[in-house]
Amino acid sequence: LRTGFPEVIWGPGKTPEQIAQIMEVMRQRNEVVMATRITPDVYSALQSKVRDVRYFGSAQICAIAPLELKPQYSGVIGILSAGTADLPVAEEAAVTAELSGFNVQRLWDVGVSGIHRLLNNRHVIEDASVLIVVAGMEGALPSVVAGLADCPVIAVPTSIGYGASFGGLAPLLTMLNSCAAGVGVVNIDNGFGAAVLAGQILRTAGKLQQR
Amino acid sequence: LRTGFPEVIWGPGKTPEQIAQIMEVMRQRNEVVMATRITPDVYSALQSKVRDVRYFGSAQICAIAPLELKPQYSGVIGILSAGTADLPVAEEAAVTAELSGFNVQRLWDVGVSGIHRLLNNRHVIEDASVLIVVAGMEGALPSVVAGLADCPVIAVPTSIGYGASFGGLAPLLTMLNSCAAGVGVVNIDNGFGAAVLAGQILRTAGKLQQR
Amino acid sequence: LRTGFPEVIWGPGKTPEQIAQIMEVMRQRNEVVMATRITPDVYSALQSKVRDVRYFGSAQICAIAPLELKPQYSGVIGILSAGTADLPVAEEAAVTAELSGFNVQRLWDVGVSGIHRLLNNRHVIEDASVLIVVAGMEGALPSVVAGLADCPVIAVPTSIGYGASFGGLAPLLTMLNSCAAGVGVVNIDNGFGAAVLAGQILRTAGKLQQR
Amino acid sequence: LRTGFPEVIWGPGKTPEQIAQIMEVMRQRNEVVMATRITPDVYSALQSKVRDVRYFGSAQICAIAPLELKPQYSGVIGILSAGTADLPVAEEAAVTAELSGFNVQRLWDVGVSGIHRLLNNRHVIEDASVLIVVAGMEGALPSVVAGLADCPVIAVPTSIGYGASFGGLAPLLTMLNSCAAGVGVVNIDNGFGAAVLAGQILRTAGKLQQR
Amino acid sequence: LRTGFPEVIWGPGKTPEQIAQIMEVMRQRNEVVMATRITPDVYSALQSKVRDVRYFGSAQICAIAPLELKPQYSGVIGILSAGTADLPVAEEAAVTAELSGFNVQRLWDVGVSGIHRLLNNRHVIEDASVLIVVAGMEGALPSVVAGLADCPVIAVPTSIGYGASFGGLAPLLTMLNSCAAGVGVVNIDNGFGAAVLAGQILRTAGKLQQR
Amino acid sequence: LRTGFPEVIWGPGKTPEQIAQIMEVMRQRNEVVMATRITPDVYSALQSKVRDVRYFGSAQICAIAPLELKPQYSGVIGILSAGTADLPVAEEAAVTAELSGFNVQRLWDVGVSGIHRLLNNRHVIEDASVLIVVAGMEGALPSVVAGLADCPVIAVPTSIGYGASFGGLAPLLTMLNSCAAGVGVVNIDNGFGAAVLAGQILRTAGKLQQR
Amino acid sequence: LRTGFPEVIWGPGKTPEQIAQIMEVMRQRNEVVMATRITPDVYSALQSKVRDVRYFGSAQICAIAPLELKPQYSGVIGILSAGTADLPVAEEAAVTAELSGFNVQRLWDVGVSGIHRLLNNRHVIEDASVLIVVAGMEGALPSVVAGLADCPVIAVPTSIGYGASFGGLAPLLTMLNSCAAGVGVVNIDNGFGAAVLAGQILRTAGKLQQR
Amino acid sequence: LRTGFPEVIWGPGKTPEQIAQIMEVMRQRNEVVMATRITPDVYSALQSKVRDVRYFGSAQICAIAPLELKPQYSGVIGILSAGTADLPVAEEAAVTAELSGFNVQRLWDVGVSGIHRLLNNRHVIEDASVLIVVAGMEGALPSVVAGLADCPVIAVPTSIGYGASFGGLAPLLTMLNSCAAGVGVVNIDNGFGAAVLAGQILRTAGKLQQR
């Protein structure tokens, strides 16, 4: 039986050999083992070293995991992203959540400068038990979404932008100052951490039910 | 005939005596003379020193001006503000624009966390020739508005907020990084400067017409 | 039947008259109305203006609310604070949560430089469905707590500190960089926002149960 | 009939294949399609993939556009730049404006340390309906120009500089603090956004005329 | 014979008693003793404690000094300031220089947004042996002046401004990034230090002559 | 007899030839000569140029030193690190201390999110005469350790982290704001400096004994 | 027998009543009880509430302590300060150290711009077992002292300065970047923390001797 | 007759072809033409393109200049640098000054942590008419030098350092906050600008003499 979160390896600064070795050790005790921030090159090198390793390219995640990922918890994690360039972070959140046993509903490219696309897809906001909202540049999306939603919102600033974005500082500050209460913020580009927090929220719900 | 912008005095750091004296000098050559950032106390002191001085309390502006301010230019400056606390800055913009001879349409309290109030008042956006959008905290409103508008948008960050707002730095960065093109940003709390820029835009339009 | 969050007024920059007036309007439609960042002086002035107004001094919150605050939702919000000086922020979170219908368990003065006091009170961490962790100065407490907890953790940096604390920037960065995944951060001193987020998490749990 | 702004692709982080594909889709519905921040290498790769693609080298812009770009709107966008190194940003603004159907008048290398070159070319300032002023290093040019001009001024800070320029922060702050009212600022290196804002200003003029 | 710089007391944080006592000690060995950042209140208190103390109000300087301040060195220190509000800093520089035995030529209110007032007074720039240029807000004046001058330029940023001025950071960065070579920068509001540096430059000239 | 600290070369920005040459000069007068921040490539190049040069790979240190490094001073420097990625900095401290004649006890991977691993190894804290605590990301470890220790604690922030870590600024501020008194902080990644300070502390102890 | 450090109360934000009450509780178990950052007003109020309370005015410390403070540990803590205005911080360190049982040698006003006063008092540096060096403004003193000393140096930046000092950020960065190894830095104005760290260093020496 | 400063090209971002072409144009009208920030590679490419081009390797300067550089002005520019790594900036200043016709006296490696080396070479300070002081890391040298010197001091912060140096921000702030009056600061790494300012100072002296 798979429970709890998978073991996770932080890829940057590790050689394929090191990643392979850690994965092999971890797979002894875990049904799911994953590594984040894995470029296609590193994945190529891993393929011959780790049996059955899979690659989620847009999320830059490598994993050892069952082919069928059946959700283990009730509830849905809605994941929204503002721009195309935010996709790797949003997918890091989505794939982490799926590998951890959660239902995910994706809604990409609903940045605030085209508010109608967001409003036309409100069902994603309404159907979710918890929302992860990913945005770079000015990072305004979580405020708008939190105003529409009636569930916890996790905001993920990304380093997408230039100039006065200062590597993601701009959307980070935006999200921390959200005029909509009920928003929790994670580190810049930290799709992984957002997924873990969202997962904890759904697990809490599950535990409360069991009482 | 009244043309151009009024003479303006920057109030902070000046005594009522100094302000009164400058106003008296300026009124020789100008139909409209105004002073910004004037607290009620300073206005009280000015009343006995400057004949016919008027006070626009919510804008913290004192002025010598005709009682009837008939617009001198065609077009409308739409002014939107996000929160109640942003009102003094928004009114500084509105009163400056009116004293300078422009039509103003106000729309207060349309922050992004309640997006429907903004959408229900879209006519203000659609009727304007130029928009001034005032917001503190996360400063997300100009991005949303610029997405809905088909005219120039002037964004004014305010120092309203606390903590990671860092005195208005957060909404300033938000506005500079707006994913919607066509947004010009002015200094934190600079409602006056926004009105002058908006006025210049309408005057330009007028001059092009005359050719 | 009391549902959802109370109406809330942000006190700073408002006169007692303005606060009283807004409270009177809001009480028409809401069982609970609250105002935050209310100093004892302002409360004194409010007493004669707002019938039955109550004061939660350590939280700097004024409220119109039933004398008996019976929890409306299952689950417990555990609230921890690091230092004595962080108490107003922690109490802002606690009283907001209680006024919103949630069970609260408080654990004060468990800063990381005396780790055994925290460990001796681990039951608070274990019994909670969601945790709010409040800390100023270096802001290290949420990381330690998130390592011990198996539920969502909301981190609240405070402006308590001096010098290189830079008004709460230091604990804010600490919390955003937490090496323990599953931590969501809110603005500096934002006890209120943390309570709303925690409340949303417990309400989500409730809604999932009902399905 | 060509109206409105062209469709625009932000080049960085996209492969030539991706850019080519998006361009092909967009050209179905748009007479002008453009991509910014395109290096010569990327252009070389695009040549074989996108029929009739043109390259504006100094602006780093690729476009599908009519060979003859006849202005569609009245009025002139004057574009000034301070130093030779600011040229790519200034050209990004100029080419965007031209591809969008506007008249452009260029004035390069009029930095404030040689004020007479600027003064000797005042006719460019006087003939313009709107001005875009591009400067890096200390970014002082827009203040001087706004003092000479009687039309809206759009200031574009660039990342040109070193040391205490901090990637364009220095000229950005300079421009936001301009003592000359009537200046709107865009993001660092954002020549494109400046052109869209200038274009909106001229289109506003056009619309007012039609009434 | 008076040589070298006067003894100087930094006023802030000292009581009138402390300042009076230090002045009395210093006057034993110095013909000129001065104290900076002295408010009118502090001066009032000093009057009864320090015989013959004089007050230079606009410079906020108190001094024991000969009534006739005859220049001791050849050459002229030209001092320019951009805005009215920069005057206290500019006067701090001017009075310090005069008390130290140098010729001073003042030119106030020549901010860059009205470039012609500066150009119409070019003789001040041309007649000076060294220039001190004082400016707040965007701090652009030293760059323009250095382009016109053929002598050393000392730039003094002031804390005059608001919002994105960040207490003088904006003009400080502007001046450090000046595109005109030959500019030395001192601390924000440091009129005193600028005068000492200018004085050192003229004394150097004097010493070279003597060889 | 070996006394005092070894001569040290700062590797970055120097060619292998330059390093070799400096090492050869220094070895005339010193029993131990070391160079820091030496990559494997540079070491390879040094091998043929410097006789008997040794490489401490995980510390990125090259040294000329006796094969047996017998401690010259009493007392133990305990060195703790939070994460695997902090190891190079921790080893820089450890190897520097050993090459300087001190006893070192290492304890790696005791980050605060797994507090029990730290508590299970408390003997390292209790046995040390001085502690060096190395941590990146949120940098919380020194606060916890200083609360448990009864000896001086030297905190070393590392640049390990991403996003809001801002190159090590986050753990640096954390450590400077430590609520546990008795913590001295060194520069980001400065394992070498921490070792020298720890060594000075033990040498001081030795000198006091001799009196 | 008095051992270890005194109990310490952080004064700011506490009423005299609260401080008095905590002092009374603490004196039950401690021979020495102290409170820092106590203004003369607060001391006046404490006098009638706390028997035998003493005031160290220049250090802003109140204490219950034996009249004769005999040193309990061998070795001397040398304390140097750069400017007169740094004195309160330097005295906070000195009095804390003395109340904690250590020998202190003071050397005030030895800022680096008058290097000979420092060199003429080198015996203080040479006689110390550990040094605390306090400096504001540019904070250069610790680097010079560390070059002269052969013992651990604790650097204390102060908030003394203005403009580009940014509340003590300038000397803090200076000290962290010291080119002299062997310097540990504490928070801005943290004389207390420096004394505790220095005390720990001398106690370590004592413990090593006992083995 | 050679007078005034040479024409200067800023090398970065220019191809050897561009540099060569500009040099050829400039040599028509100037006896000395120079280009800064020229790497050895670029120089190699320039050799075949520009007749008689010379390379000052340690200064990274290429120049067309007479082989014998006879000083054209009286007085000496003393140039001091703190660390070996600061040498390129110090040499940029020295070579610029020499190519501009000034006498230069160099003093390298006199950082403040070894104050005696500086004091042993005081004659350089005493013989100079103006001093350029170059330092990275903590940037303390100019304060010490200004205390010893009786002539103008130009401080040049360098980007040498790591961690909390923040690319030269640390020494820049140090120098701006210098407690020694009479110090002018230029941009980070701006050896060129320092030389121009120093040259202006000596030229001013010369002009005063001629009167």
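For reference, chains read A, B, C, D, E, F, G and H in written order, and residue numbers begin at 1 within each chain.
As a working rule, a contact is a pair of C-beta atoms (placed from the backbone, for glycine too) under 8 Å apart; a residue touches a chain by one contact, two chains touch by 3 or more.
For clarity, every value in this text was computed on a predicted model and none was experimentally measured.
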item	value
Distance in touch steps, counted as few as possible, from subunit A out to subunit G	2
Intersection of contact partners for subunit E and subunit F	G, H
Most widely separated chain from subunit A, with each centre as the mean of CA atoms	E
Centroid comparison with subunit F (C-alpha atoms), farthest chain	B
Chain centre separation in whole Å, for subunit E relative to subunit B (CA means)	36
For subunit A paired with subunit E, centre-to-centre distance based on mean C-alpha positions, whole Å	57
Where subunit F touches two or more other chains at once, by residue number	163-166, 169, 172, 176-177, 187
Chain pairs that touch, as defined at the top of this document	A-B, A-C, A-D, A-F, B-C, B-D, B-E, C-F, C-G, D-E, D-H, E-G, E-H, F-G, F-H, G-H
Residue ranges of subunit B touching subunit E (in the complex, touch as defined)	10, 12-13, 157, 159, 167-169, 172, 187-190
Residue ranges of subunit C in contact with subunit G within the complex	85, 162-166
Touch list for subunit G against partner subunit H, complex	82-83, 111-115, 119, 137-140, 143-144, 146-148, 161, 163-166, 169-171, 173-180
Subunit F residues within the subunit G interface of the complex	5, 74-75, 129-130, 150-154, 172, 176-177, 181-187, 192-193, 196-197, 199-209, 211
